[in-house]
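Chain nomenclature is as follows: A, B, C and D, assigned in order of appearance, with residue numbering initiated at 1 for each chain independently.
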Amino acid sequence: MATTSPDLTALVLVGSLKSSSDPSSSERLGTQVLEALGEHGVTGTVVRLADHDVRPGVEVDMGDGDAWPAIRRQVLAADILVVATPIWMGQPSSVTKRALERLDAELSETDDQGRMLTSGKVAAVAVVGNEDGAHHTSAEIFQALNDVGFTLAAGAVTYWVGEAMGDVDYTDLEETPEKVARTTKALAASTAHLARLLRQSPYPPA
Amino acid sequence: MATTSPDLTALVLVGSLKSSSDPSSSERLGTQVLEALGEHGVTGTVVRLADHDVRPGVEVDMGDGDAWPAIRRQVLAADILVVATPIWMGQPSSVTKRALERLDAELSETDDQGRMLTSGKVAAVAVVGNEDGAHHTSAEIFQALNDVGFTLAAGAVTYWVGEAMGDVDYTDLEETPEKVARTTKALAASTAHLARLLRQSPYPPA
Amino acid sequence: MATTSPDLTALVLVGSLKSSSDPSSSERLGTQVLEALGEHGVTGTVVRLADHDVRPGVEVDMGDGDAWPAIRRQVLAADILVVATPIWMGQPSSVTKRALERLDAELSETDDQGRMLTSGKVAAVAVVGNEDGAHHTSAEIFQALNDVGFTLAAGAVTYWVGEAMGDVDYTDLEETPEKVARTTKALAASTAHLARLLRQSPYPPA
Amino acid sequence: MATTSPDLTALVLVGSLKSSSDPSSSERLGTQVLEALGEHGVTGTVVRLADHDVRPGVEVDMGDGDAWPAIRRQVLAADILVVATPIWMGQPSSVTKRALERLDAELSETDDQGRMLTSGKVAAVAVVGNEDGAHHTSAEIFQALNDVGFTLAAGAVTYWVGEAMGDVDYTDLEETPEKVARTTKALAASTAHLARLLRQSPYPPA
């Protein structure tokens, strides 16, 4: 079926503070988004940002061991970018912020028609925390990604947080809450649909 | 030309604190967005929210003189929703917030395929202030509108603010700053393109 | 005991979307803050904003039936201002925003030593919602109140929200969760302490 | 004079993305805050965070070369903490966020009376950017610091940003704009006053 032709790819950037030797709630939800996208013909990869030495800075390449250029190539090769982040103090993690900050350099990078290299790519967000902060975290990530050229499908965030002042992790849950599963599934359907449309009918030249 | 067939409509909601007897910077920028959309075959209307008695509440109709149901009909009839707001204290105006809050009721309203009535509609944001606050204001509006079913094209905000602690209004400027004009133009091109795609190829049933 | 002399007063502004004929979760938590302040010699009043016709605008008095001037007198008469708000879409209510916006006019009102009339007043925040949004809501209110001259004691917010995507109200809880009660109590102790210090030793002239 | 006895200390954490071999706008404004505090008997130090290897994580000490424990000792030794940050994408820098995140561990560290070790410390914020974002950046930092025990004096932020979409740096300005200088001066007066009061009359035990 044309509308689910399996030619879309997604990259999931996981902004956990921990490297991949430790389990991560944000990776779990990010992976669930990737699985849900898989039902719409999207294949992809998960990158745990804390495994890589992403330098602070606002150039595309900060040189000398900077891990961003390799990750950036994966971002630019994918049709869909999923940013999966834990919440700390009601806000996105510093690891996630670092990646967004590095994307700011894309404002100066354009194709021969004046469009950003991110043009036509669709972004989605996955947020987890013990308690509170998902809406604001998604708001900040939506704005940052939209500013650097990403499109956002309807319902572009899936999230889980526990009750106020709680300390349960998403990885502690025995099963995925039904509402979260449904939200993830809807996000994937909308995001894949939109990415496919924009692949077929790119934005006009700037 | 098929891609600019003039069958799209837009509604601009202006969240100025003042009614239309006074000039409004947010209305000026919102109107510029509508004009820019006009170059892509979009026709539309500007509604000054402060002219209407939009009641607080989270039902579709709060009864007894509530002006929201009529505005809501205009929102649901349009393909594109533009929210134009002034900044107060670095944040969207209370008038704008009221309209967003009323849109929260859409979460319970779905078509016979389980989709929200806002499904497939594209939103854009215009923000003005004397100084500072545009990014955060757009972040909050992006998140609220995306939560209730709107899609956001790349570069979905245009804005103007003066230097820190300044007091010049956008309506005081003799001419539109070139970067603002360019941003408005790009927003209109992306937003109209995306609205047209989603009109032709709606999101799948939920 | 000097440090608990009963001469401090507090005003609780409740930003529920509903008038006082309906029960309100934000009023419940706001009232609990006032009770906790009572243990530190503070007496006070609760004002349900939706009962009053607070007009949009940025003047101290918008004239012709505007309810703000009377509320403003209560704000200026109190040592402590508590803003209690529900969360809608992860953000403060429009009713709360309206009150904050009206406080913006205080930037132009100063005493004969150049200090704002809010100088030396201490603010605290109470936030409730079905799910998510308390940290961001407090962040916005902290910033708005601090910008117009209020001081914030350590731990200036108490809050409750349920698990992600839930729909239980704070007024539905049979009893106040122990962590919330403890947070409210700590907020009251710090806020009363600081208000008393600033009453005794005002900020220096500007 | 008793009220300006020179026994208060301040620490300025600068969240520039660049290390101290490069000029920094946020360091410039942070240093100006320290100078202004100096007129109220406060002495202090500036730490450029990007010069140090502050690891991601939420423990007080992440071990193995983590630079945070040494910086943390400076935070805990000072009466006043100034967080000076650049704005990227309308938000605090990732370097600043990292430091705030590390402060989250203080929630578990208390003195023998149950108070956080940050209790009685006063925080202030300095924000600079080419354009837009200061209010939101201060809102996020206020909330994070207040959550971990810091008190905020009236007018706890000073900032500068240029006109929308501009690219002038604060370090490019030939002289400090008068309104910024006045705001910095007022911040210093209030912050020093409050820190002195809390040094003399600590918050009660929890």
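In this section, a residue touches a chain if its C-beta (ideal position, glycine included) is under 8 Å from a C-beta of that chain, and two chains touch if they have at least 3 such contacts.
The shown structure was predicted, so the numbers you read here are calculated from the model rather than taken from an experiment.
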Most widely separated chain from subunit B, with each centre as the mean of CA atoms: D
A-C compared against A-B, more contacting pairs: A-B
Geometric centre distance via CA averages, subunit B-subunit A, whole Å: 25
Whole-Å gap separating subunit A and subunit C, where each centre is the average of the chain's CA atoms: 36
Where subunit D touches two or more other chains at once, by residue number: 89-91, 135-136, 139-140, 143, 147
Chain contact graph, described as a line, ring, star, complete graph or other shape: complete
Sites on subunit C touched by subunit B in the complex: 17-18, 50, 56-58, 88-95, 97-98, 100-101, 104, 140, 143-144, 147-148
Interfacial residue positions of subunit A with respect to subunit B in the complex: 116, 118-120, 135-136, 138-140, 142-143, 146-147, 149-157, 186, 189-190, 193-194, 197-198, 201, 203-204, 206
Subunit C-touching residues of subunit A, taken from the complex the two chains share: 89-91, 131-136, 139, 159-165, 177, 179-180, 183
